[in-house]
C-alpha cells in the first residue's frame, strides 16, 4: 500500500534527483519559495487542495508544490483563475519577504510566465475583464496557413493593445498584492513550514494542515496520502541562466 | 419513426458521452447556460427557432442548444446577425445573473469567439456599420501567395484600426446589454427551464414553448420533434484550460 | 439564331441552377438588388451598357446584372471608374431603400470588395486622387521574393496610410451618396423593374430600356439581344455565412 | 540601309501589334499622351534626346516615346533625375490639360510607378534630398536570408518614414508642376504634335524638331534616323483593369 | 601537478594564439580593458571570484578575464545579476578613463550585448523590475510554429515597449555609473594591474589579490591556481569591423 | 621588382577595365570625387594612409581610392570610425563644391551606404553614442530560426527607434560638415589633385604627399610604392540606374 502510494507520487511529481548538490542556502531559499506557494494556495478561495510540497530536486525543478483538484474540471471560474495566479506568486513573494528585494531570484521565471498567461487569457479569450468586455482579442490559432495567419486583420489596434496590457497588469498587480498581504499576515506559518521542509524535505496534506492550524507537525510516518486525480504544480525551476562552461573537477 | 427521429438527433447534435462524470454543480451551471441561449434565441427578432436544448455531454461539449432555420439561407440581414450575437451571449449572461460575476466561467470562450467574429465581419466585410461605411477592410483571402499576401498595402491605418475596434466593441456591447435585459425580465423562465433541464436532461421545441408560455412543461413522451434543415448550435465547450497531468486512480 | 443567342448567354452569365429553392422573399430581395445595379448603371455617365439582368440563380450567384462594353477597353477614365463604383452600390442601396437599414443583407459583400478595390487602386496606383497626388503607394507585385517583398521599405508611413484610408473612404462615400440620390429619384422605376424581374426572371436590354423610358415592358419574345464583347457583371453572391451543418431531410 | 534602320527600331521599340483595334478616341488620347512625354523631354535640362515617338501599339503598350542617351551613362545627376521625373509626367498632364481632370485615365500607371521609384531612390539611396541628408534609408537587398531580412532593425522610425514620404511627395509635386507649366506654355506644340502623330503614327527626331521649332513637319521619307545607344522609353500601357470575361464574337 | 593545472587552464580559457602580432598600444589597451573587468568583479557584491586574467590572445579574443563560481548555480539573485552587468562594463569604462572618450573602441561589443541581454531578461522574463512588475513580456520561444509564432498577439503595446526600453536603459545606466565610480576610486589599482599584465601577460587569483590589497605582486612561480567549477568569462573580442581585403606581404 | 609591385596593385585594386569609354566630363567628375576622398583621408586624425588613388575604371568602379592600414587592426576607436565616415563623404562633397548641388550624382550611393552602416553600428552595437548609451539595440543575427527571429521582442520601441535615427543622422551630419569644411579650406589642393589625376590617371602615396605639401607633383617614374597590408577602399561605383536597354551599334 505504501509502495503503491510512493509509485503514484513518483508519477505525479517526477523522479527525485538527489545527485544535485545543493547548499543549505539553496535549500532554505527553495523551502521558503515552496512554502509560499503552499500557504497561499490554502488561503485563497476555491483553490485546488495541496497534495504535497517538497524540496527534493526532481527533473529540472528544485522544489515542487503539487495541487490536486477534488474532481475533474470542465471549466474554471474567474475566482478560481485569480486564486491560481495568487498562489503562483507565493514563491516569489516569500523570497522577497524573507531575503529582501535584492535577493529575489530568477527562480520564479516559470511562475511569472504561467500567471501572465492566465491573466492574458482572462482578458483576450475568456471575456473575464470588465474594461475589455466579452470579446475575443486572440487570434484563432486554427487559421494559420502557409506560415502566416490568413486573418491578419484581426490584429488589435494600438489603443486596444494598450488597454489589454493595462488590464493584464492590473490583474497581476492585485493578485500579487493579495499574495503579499496573505504572507505578511501568516509569516509565522511561513517560517514553520520552511523549517519543516528543511527537516522532512517533503510534507503531505496532513502535515500542511497541522501547520495551517498552528498544531505541531506530525512526523511523516503518522501521515498518509489520500487524494488522486489531475494535479497542477508549481515547480521551482532554475531560469535560463547565461551560458557558462563545464569545468572538469580536479 | 421514433428511431429515425433519434438517429437524426444524433447526427445533428453529436453522440452522447454519458461516461463524463459531472457533479450537480456542473450540471446546474450548464443547465442555466443552455437555458440562457435558448430563451434569448426565442425572444430576439428573426432568430432561427430552437430545435432542442440538452445538458447531456456530447463530444467536447457539456451542453448543446440546437437552432434550425426554417429554410435555406442565402444571406443574412443585419437584424438576424445581431440576434445571433445576442443569443450567443445568453449562456454567459445567465451564469453571471445566477451565480455572480466572480463565478462566471471559461465555458463561454467559444460563444465569445463566434460573437466577435460575426461583429468583425459585419464591420469589415459586409458593410453593416454606419461609422465605417460600405467598405471592405478585410484582406482578400484568395490572394495569399508564397506565405504572405501580395497585397500587403491593404492593411488599414492605425486610426482606422482603432475605429474598427470601437465599432466591433459597440456591436458586442449593445447586444450583450440586450441579452442581459431580456434575461433579467425573464428570470422566472430561466429558473423553470434550468430546472426542467436538470430533470429531463433534454427539452424539445414543444417543451420549450410550454416554458416560454408559462405552461406546465409536458413530459418528453408527449412531445415530438418536427423540423429539419441546416442547424446552428451553441455548444458549451470546456475552455483550453492550463495543462494538467492525468493521474492514475487508486 | 435564338439557340446561338442562348448559348452565348450561358457562357457569359453561367449555367442556370434552378434546383436552388428560393422563397418569394428571397426572390423579391434579389430582384430589387439587381434592379438597383441596372438602373444606376443606366444613369451614371460613361458606364458600359447593361446586356441583361436576371434573378435565376447561376453558380453561387442568386442574381446577375451583366454589363458589356461597346468596344475593347485599354484604359479607364476617372469618370468611368467612379461610375462603376456607383453601380456596384446599386444593389445594397436598393435593399436599404425598400426593406430598411436593419434588413440589408450580407449579399453585397462582393460588390463592396470590388468597389473598395477600385477606389484603392485609384488612390494608390493610378494617381487619381487630388489629395494623394500622382504617386504610386502600392507595392510592386513583381518583386516578391522568398516569401516577402525585397522592397519592404516601400511601406507607407503611419500618416500616409491614414490619408490613403480617408481618401478611399471619401471616394466610396460620394459614390454611395450619388447612388442613393439616383435611386430615390427613380424609385418608381426600381419598383417596376423588380416587378418585371419577378414576372419574367430575366430582362434584356430592350426591356430595360422600356422601363427606363416609362414604357410598358415588352414580353421576352418581342425582345432580341444584340451586343457582344467583354462583359463585367454584378452578381449577388451569398456571403460566407457562419458554418452550419447539412441535415438529412426526412 | 533603310531596312537596317527598321530592324533596329523593331528591336528598340518592340514589334508592332497592328491587330489591336483602337477607336479614333483611343488614338487621340494616346497621341496627346505620347506628345506630352516628348515635348517635356525636349524642354527640361540635360534630358536624353527623343529618338522616336509612336502611337502604333507594340506588345502591351499603346504608344511609345523612345529616349536615347548620346553616350553611356555611369551615373545620373540630380538635375537629370528630376528631368526624367518631369518627362514621365508629360503623358498624364497632357491628358488632363486636353480632356479634363475626370477624363484622365489609368494609362499613366507605369509612368507614376517609375517616377515614384526615382524620387524614392533619390531620397533613400542616393542622398539627394536636403531634408533627409546624405544617409541610406534603404535596406541592403543582398542581406535577405531565409525569407526575411537579417537586418530587420534597419527599418526607419515612424517619424523618419513620415519625412521620407513628405520628401518623395515634394519631389513629385514640384516636377508635376514644372511639367504642367511647360505644357500649358507649349500647348500649341502639343496640338500640332498630336495631330502629326494621328497622321503619321510615328515621328522621328527631325520631325519632332520641326514641331519644336514651329516649322512645318517634314514627311517621313525626308527624315532619317541617326543615333544609337542605350534607350529609355515611356510606354503607355493599359492598367491592370478589373478582370472581365472574353466573349466570343458572333 | 603543474601540467594538470595548465591543461585545465587551456580547456577553460581556450588555446593561446601567440601568432597574432600585437603592438604595444594594442597590448596596453587590452591590459587596461581586462584589468577593468577584474577589479570591478572583485568590488561588486556577490560576484563570482576571478580565476585568472590574461592578455594572451586566445581564439578570437585579445584578452580574457575568467570568473569561476564557488559552487553550482541554480538561480541568480537580482544583486548577482547587477554585479555581472557592472563587471561587464569594467573593460569599456577602463578604456574611457585611461585613453579618453574618443579612443574607446569597438572591442566592448560583446560585453555590451551580454549586459543588455541580462538587463532585458531581468525586465521581461524574471520580473526583477519594479516599474514593469512581475509579468512576462517575452514570447514563449517554444511556440514557434511554421515559421511564425502562433501567439502573435503576445506582442506588447507601443507604450509597454517604451517602458521596457526605459527600464533596460535605467538598469544599464546605474551599473555603468557604479562601474565608473569604482574604477575612478581605484585607478591606482587599475594602473598597477595593467602594468602587471604587460609584464606577466597572465595573473592568477593570488596575484590579483596582491594588487587589490596594495601588496607587491608576487611572481608567477610563487603563485598557484586553486578553484574549479563553472566559469564565466569576459573576453575582449575584436568587433565585426567593416570588411577589408587581405593583401599579400612583399 | 616593378612587376611585383604592379601584380600587387592589380590584386588590391582590381583589374583595369580600359574598354570603358568615358568622356572628359566623366573623367573630370571622377577625378574630383576620388581627390575628395584622398584629401579628407589625409586630413582627419588616425585615418589609414592612402596607398593609391586612380581614375582608371576597374570592375564596376569608375575610380578607386585605396587606403591601407599600417598594421593589423583588432578594434577601431570612435575617432577612427568618425574619420572613416568623413573620408567616405569626400567624394560627394567634392562633386557638390565643384559642380554645384544639382550636378551631384548617384555615384556616391555606395559611400553613403557604408557611412550610414558605420554610424548605425556605432549607435546600436558599439555603444559609441552618448544619447543612446552603452546598450545593444541590434538583433543578435545568430538567432534567426525557421524564417524569423525567435527573439522578436528585441525590437526597439517607437521612441527608441526615433532616438536611434536622430543619433545616426547627427553623426552623419557632423562628419559631412567636417568634410565640407576641410575641402573648402583645401580647395586649391582639390584642383591640383584632380588635374594630376586627369594627367597621370593614378597617383601613389609620394605624389599625393607632394600635393598635400604644395610641392610640384613628381612624375610616376620617380615615385615608388611602399606599404602593404589590409586595405580599405572608396570606389566610385555607378548607382543602380533605372533599367535601360542595350542597343546594337550601327
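By letter and in written order, the chains are A, B, C, D, E and F; residue numbering begins at 1 in each of them.
Simple rule for what comes next: a residue touches a chain if its C-beta (ideal position, glycine included) is under 8 Å from a C-beta of that chain, and two chains touch if they have at least 3 such contacts.
Please read these numbers as outputs of a predicted model, since none were measured by experiment.
The minimal number of chain-to-chain contact steps leading from subunit C to subunit E is 3.
The greatest centre-to-centre gap from subunit C, using C-alpha centroids, is found for E. Superposing the C-alpha atoms of subunit D onto subunit E requires a rotation of 120 degrees, rounded to the nearest 5. Of all residue numbers used at the contact between subunit E and subunit F, under half are used by both chains, marking a mostly different-residue interface.
When each chain is reduced to the average of its Cα atoms, B sits farthest from subunit F. One finds 34 Å separating the Cα centroids of subunit B and subunit C. Between the Cα centres of subunit B and subunit D there is a gap of 59 Å.
Multi-chain contact residues, meaning those touching two or more other chains, occur in subunit C at positions 117, 146-148, 155-156, 158.
In terms of which chains touch, the assembly is arranged as a closed ring, every chain touching its two neighbours and no others. Listing the chains around the ring, anchored at subunit B and oriented toward subunit C, produces B, C, D, F, E, A. Considering their complex, residues 4, 8, 11-12, 68-69, 71-79, 81, 84, 114, 117-118, 121, 125-128, 133-136, 140, 145-148, 150, 152-160, 228-232 of subunit C touch subunit D.
Considering their complex, residues 20-23, 26, 29, 62, 89, 92, 101-109, 112-113, 115-117, 119-120, 124, 137-139, 141, 144, 146-149, 155-156, 158, 161-162, 164-165, 168-169, 172-173, 176, 238-242, 244-250 of subunit C touch subunit B.
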